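In what follows, chain A forms one complex with chain B and a second complex with chain C.
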Partner chain A sequence: MTFFKKPKKLKQIIASVQKEDKTETYNEVGESQIEQKQTIEDIVAQIKEPFASTEDLITQWIELPSDDSRVALLYIESIIDRKLIQDQILNPLFELSNEIGMDSLRKMGKLDLTKHTDMTMAQSLLLQSHTLVFTEDTACFYSVSTPVDTKRDITEPDNETILRGAHDGFIENLSINLALIRKRLKTPKLKVKYYRVGKETHTTIAVVYVDNIANPDYVNEVENRIKSIEADGIYAPGNLEESIEDRPFSFFPQMVSTERPDRVAANLMEGRIALVYDTSPTAHIMPVNFFTFYQSVDDYNNRWIIGSFFRLIRLFSFFIAIGLPAVYIATVSFHFEVIPFGLILLIKSSLEDIPYPPLFEAMLMELTIELIREASIRLPTRIGSTIAIVGGLVIGDAVVKAGLVSNLMIIIVAVTAIAAYIVPSNEMSAAVRILRFPFMIAAATMGFVGIVFGFMILLFHLCRLYTFGAPYFAPIAPLSLKDLKDSIIRAPFWVMNRRPQDLDAQKRSLDNQVRKWEKKS
Partner chain B sequence: MKKVTYLLPILFLLTGCWDQTMLNQTKLITAGGFDYTKDDKVIGTAAVPQAVAVEAGQSKVADLIFSSTGFTARQTRLRLDRKVTERLEASKNQVVVFGEKAAKKDIYHLLDVFYRDPKSALNAKLAVSKGRAADVISTKFEETKTSTGVGEYLRDSIISAEESATVPKENIQTICPLMFDPGQDFALPYLEPMGDKIKTVKVGGVALFNGHKMVGTIKEPLSVVYTMMTGESSTVFMSTTKKISNKKNQNVLNYATIKVQKNKRHFSVKVSPTGEISAQIKLKTKVVVTEYPPDKLSSPTEIEKLEKALSKRLSKDAQEVINRLQKMNSDPYGVGRKMIAFHYPTWKKLDWAKEYPKTKFTASIDVNIVDSGIIE
Partner chain C sequence: MNSHNITHRQLFFLIVQTQIGVGVLSLPYSLFSKAKVDGWISLILAGILIQFSCLAIWKLCARFPQKTIFEILPKIMGKNLGMVFNIIYTLHFAAISILLLAMYNNIVGKWILFETPHWVIIFIMAFSGSYFITSTPRELARFYTLVTPLLLVLLGLILYAYTDVHFLYLLPVGQAGLSNILKSSSDAVVALLGFDVALVFLAYTSGSANKMLKAISFGSLCVTLVYLFIVVTTFIYFNPLEIIIIPEPVLYMLKAFSFSIIERTDLIFLSVWIISVATSFISYLFVVAKGVQTLFKLQNHQSAAPFIALFCGLIAIIPNEKLEIAAWNKYVSLTSLFFSGISPILFLLIAVIRKKNEKGTASS
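Right after this comes the complex of A and B.
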């Protein structure tokens, strides 16, 4: 399979499927030419050989009534649509082939066939739901795309629901996914480049960006990284994410994964690059910064003051989710003099009979919450509610009554859990949930000093993190005051007239000539 | 990297000290009291609330009173610690009470321990009690039966007295510089336990100090005038009732109650060329009449009359306060401080402690009624 080592040809291959004249150019590069004087049976057998014991590879022999010549149809039954074969090949063939040859039929456009002369293509075409047509003329063969329609409906992604705005989401079909993006960005500058990765899986990935906005350096970086992948299989977007992200040991996600086309479109217009996958509804957006994960489509559909308020709440929740259990542990085991007098007896009395240190108590409850969460993801909704009752009521209440965990701890853990799920991005939420454990340990060993150390290390890490060459902690470090207007808050639309600095877009200015109308007093 | 992997656990495990103090393994002191025994030993009394968890979320606080004796304040504390389980912590202390006799000896000797402990509660209120401090702290006051413990009760009583300007606002931190200032003294609330059946504590006025020693008291309501003259411009309810005439046959008609809206103090200390020292406090006070049984305050003449009567009466009280302070040789307004600041050569030659009582010190209060309540 030579073309995997020379990925540039890939584009041509894909293009050739769509545009017929390119097939000819490819022909010159192709390595194994079909030897003359082979019979049609030889060719078919040769193609079938790698698929030896696959029973869903079907060969269909057709005798043309006109000149007694034979035509062989090859397809993989499970991934083609028989109706399409009937409509696109068999019907026109029987109607017209007694008068004129296949080639002329094709040229007349009666048959939607593509002519190939390179036999090495045959295998990959078969795997891409094409039906191959072999004729007595063994120097070439024809192909037609006959994919079976297994698309599900376009629905709103469950894990990224919003209140206002578009409710469509990506599905497991690349062309539909791209269509959803193109529908939103009707510009010729929207570029799509296909890559096929995985020696065996042949997963198709589309790199999508807006040509005159996205920085070519970042585009090249993304493309180079994808090209460099040599793996047997890329099964899930997660595989690819791990193959191309900058710091695989970091807790923080380095690309936004989303199932929302509107989110992808908005980010493309900012100058980011998106990866869209076949067979997966998840798209990845890169390069991103920390605050991208805290943006939601809802922010832009709400009035800007409200949107800003929610944005601030979310950022605040980051600190709660990471720090609250740690602060609690540090306070009750090191610095309880900071607790106001009115509260201290209350806290003390709820803690008095807890038989183990606060760290253990907090770990116990945090892990319980994670258990409940993990269990409720896997279970079907009907059993899920049972888990909610068992987890929420029984554990929450009984654990306190049994004196295993203090009342206050339950409150802390509950608030923390809610705060962690406020993040619109699932990966960031997971990162935050993991991060609180080191903070809890730091707080239990050194009190507030430990928490300060923890936040310092976190800050170092965030400042040093780069994704595809763009700074991760961007509007904060390096500081760009102007960019804070769409990261900390959500400034009104008419104020946003520059793209974020960290993305180094080719076109920095945004044409936002709105609110130019005259006000009638 | 390899070094770090070795160093990190060493850093955490081999450093000897760990300053963890668990909240549920300490006993909090909420009120402390100091007295002296006849043979000059210190008696320390502490109120330690025991939180009894009755049911989840509901707890009752029961105060336990411990006391012990020792040669110093710290020793009594250490001995107290031995009487209770777990560790005693004074970081949430609310109030420190001195018995009157202990206060008259020296309070710094007892307070020293608070200034040396970085965790001690410097915002704890200080008070002097009539009789023994141990008695005040160990009394089962009526209000502590239903609400929280004795520490909070005493603190709230003092705060409420501060709000009504019966006593000036002081705590452990604020009196520290004054104790060592040769030119200024301070005053603390003076607690009087009252009642036989229903036991309460009354903040009866202020206890005046000279240096580290208590030298006397000024009782309420005169203590309000004392607080007004400290320069405190207003408190939540700086209020006083004064008798302004003797003529009315019904006694209640002889009185008026005012609430101070704003005080403006003019305080000057002058040294004449002959070396005579004179100090003067002039107070301009804007007041609201909150009670005036004879009424008819709608007429300007009546208001003017009342203003004059009040000014006269308050000035008389102010002078009375000054006279008493001079008699006690307590200088809470800081005449000496002004001397040090503006007339240092003169002050240096003087024995201030002897000179102060002889100083010509006058005070006057000028009342201006700005409001007479909601009745027109």
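Right after this comes the complex of A and C.
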């Protein structure tokens, strides 16, 4: 039922998607109108034809007791709820059908039917869990939304757990997902726009933003890119992400994907735009900058000093995760002069018996860690922990005892692995993990010079990256000192009185007068 | 709003980052070799001179808003003569880029990567540079702003020298004589080179003319002061008899410091210094690319970038001895003294005399 409250746009899009077969159907309908005598069977057969006689498309014939007129119910068995048909169509039909036609039934408000005259709508309605009702009056038909209720419970997303804060997460149902956002932003300015993508899949995507905050330029950009998609199928949010992101060859994720409605709501209020998908619990937030990936909902529930400390730790971890193995390789293979005297004996004794160069040693261990991660990620928790023990403890210990890898390298690799997983965002963590390999190679060939050039190119890449027209490395480049208070650190709530500059929100100021009581006393 | 524009603040960082480059390491030595411990006076004189050049560059560019030097020259000198000067200027800026590469190669090959082939060291810089200049000045300026805090690391490391300095080394002031001090200041101008890229980057700056002037002139002032600090520090750290035998006094000074976690501070310094050199190199490469774009009437400067990098890299490989680089340095310092220091003033005079400017035509 909610479907019919959707804005006109959706219908237009459905119409445009079906443009191809529209003309055909119109011709058929036209011919039948000339004949004037098209029976209900013809109509039903016509509707069923494109479905290639699939067996879950059910036609149910009902003879009304009042006048021997017949009614046909058409529905796809697998996506409708039989109970709803019984309650909403059959029961009222039999109770009230004494000499009363369908139209008057609807006027009485007993039946939640919608009248259609456009036969081309029938196909898409059927696919959207509607039950179609055909009567002897062949010029029109009626539809009722009877979706089967296959929602799972709202649970906390496993991959984005937090300590304090709301524990609900998105599920595979679009209207529930939107409800979770609306529950947090009870403003009339919250705007939802539906788009259908995929010629065959008809995946519904909702573009969500706050109308008087989000910059219309970015909204238009996002919408234009979605509209331009012409594909047979958009199966997963990842497909859409790759279709509309700016730089597909970059290592860095260009939109935040999250399963947390609170995160989406907070970002919407900053002036960003969210894409919420039907059939997927993942929502995308855009345009984003580098530091958005380092923000966690937990930061705002902690005391601000502690939140800031965690932020700094996370940003520091970015450099550790990318640079530490590289710096180690450069130091032991090129610049051992940098190591102070006390430490050099220690390192020398550890490295002396290792038969191959540090780069190989590091690659070996880094790849092992990635193997363990990849192996444990898809296993049930119980087996997963076994893998962790075998991988982490047994391999780590045995490899050192066998003299294949030095003790120090194990420490470096372990610290690096932990640092890479500190990032709250999974995609950013993956980007950081893959980036360390080019850095290790650069360090092994050119030492510190290689690392410096690596970082220069990396930082410059970040500087020239834009997402939907917004600079990716803001507020560092372009530098905006005021915005540093919610990116590098997490300043107290009462200090944040402006929205980030890079988003260029319509309403830049934030009304945050939360400590007014202080002045009164 | 033009998406390629930079703000006057970004222009400041652009100028500072371009000016601070290879010169940091060898400036104290080259000043000392002529003016003895009075080298710092030469530096101040050079600083004053380039303030005048900055003023001339700004005045010249203000007459032709949003035009680079390569577009201005044909306007004030006529088409043919302007073309000749465009070629000269492109070659001049290319020569500076090549010299930068050669000097960077010399230092890195001597101090960090002893066994790496020279062409590898040169081409990693040249091709990184060509990647950088495929973008707009705006992204360059953002990057320069981002790496500017690293200069504080350099200065912080040098500050450590003040645990062991002797101010008496600076006395008596003026012992080298006025002529030596003046001669030496031409060397200082070369080290301060970089303000001349404003001839191109001013065209991309938005904002009022006054703010632009402040950005260039304040940028040059800051760099002069930073250099003064470095020069004075090395002069009072080393005995005058020592400096004459060490061509990179800053590095020798840092090499002597050791902390409990880092033994060789100079390697850290050099790693950060490479970024400063890279920013100077990138700026000049960008200017060369703009020159080539005008000369060959290309659609954009990006398409020329790899060829320019290859050209500069190949030439920079040629000198393999220190003396050769010193000779190149001498030539380039003479040409740049003329083309970057003095000719902007001349161009301005020509433009004023011939009453050429863009403002009248721009408003119509």
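As a working rule, the second predicted complex is superposed on the first by the 481 of 521 C-alpha atoms of A that agree within 3 Å, B and C clash if a C-alpha of one lies under 4 Å from a C-alpha of the other, contacts with A are read in each partner's own complex, and residues count from 1 in each chain.
Heads up, the rule we're going with is that contacts are C-beta pairs under 8 Å (C-beta built on N, C-alpha and C of every residue); 3 or more make two chains touch, one makes a residue touch a chain.
In this text the structure is predicted, and so the values were computed from the model without any measurement.
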item	value
First, second, both or neither for A:337, with chain B first and chain C second	both
Contacts of A:364 with chain B and chain C, given as first, second, both or neither	neither
Chain B versus chain C as contact partner of A:459, first or second or both or neither	second
Partner chain in contact with A:491 - chain B first, chain C second, else both or neither	neither
Which superposed partner A:448 touches (first chain B, second chain C, both, neither)	second
First, second, both or neither for A:477, with chain B first and chain C second	second
Partner chain in contact with A:354 - chain B first, chain C second, else both or neither	first
Interface residues of chain A shared between complexes with chain B and chain C	334, 337, 339, 341, 447
For the chain A and chain B complex, residues of the former touching the latter	331-334, 336-337, 339, 341, 344-354, 357-358, 400-401, 407, 445, 447
In the complex, chain C residues that touch chain A	10, 108, 112-113, 116, 120-121, 124-125, 128, 131-132, 135, 139, 142-143, 145-147, 258-264, 267-268, 270-272, 274-275, 278
Complex contact set, residues of chain A against chain C	334-335, 337-342, 446-453, 456-457, 459-460, 463-464, 471, 473, 476-479
Partner chain A, residues of chain B touching it in the complex	12, 19-24, 26, 28, 30, 49, 51-53, 56-57, 59, 61, 91-92, 94, 119, 121, 148-149, 152
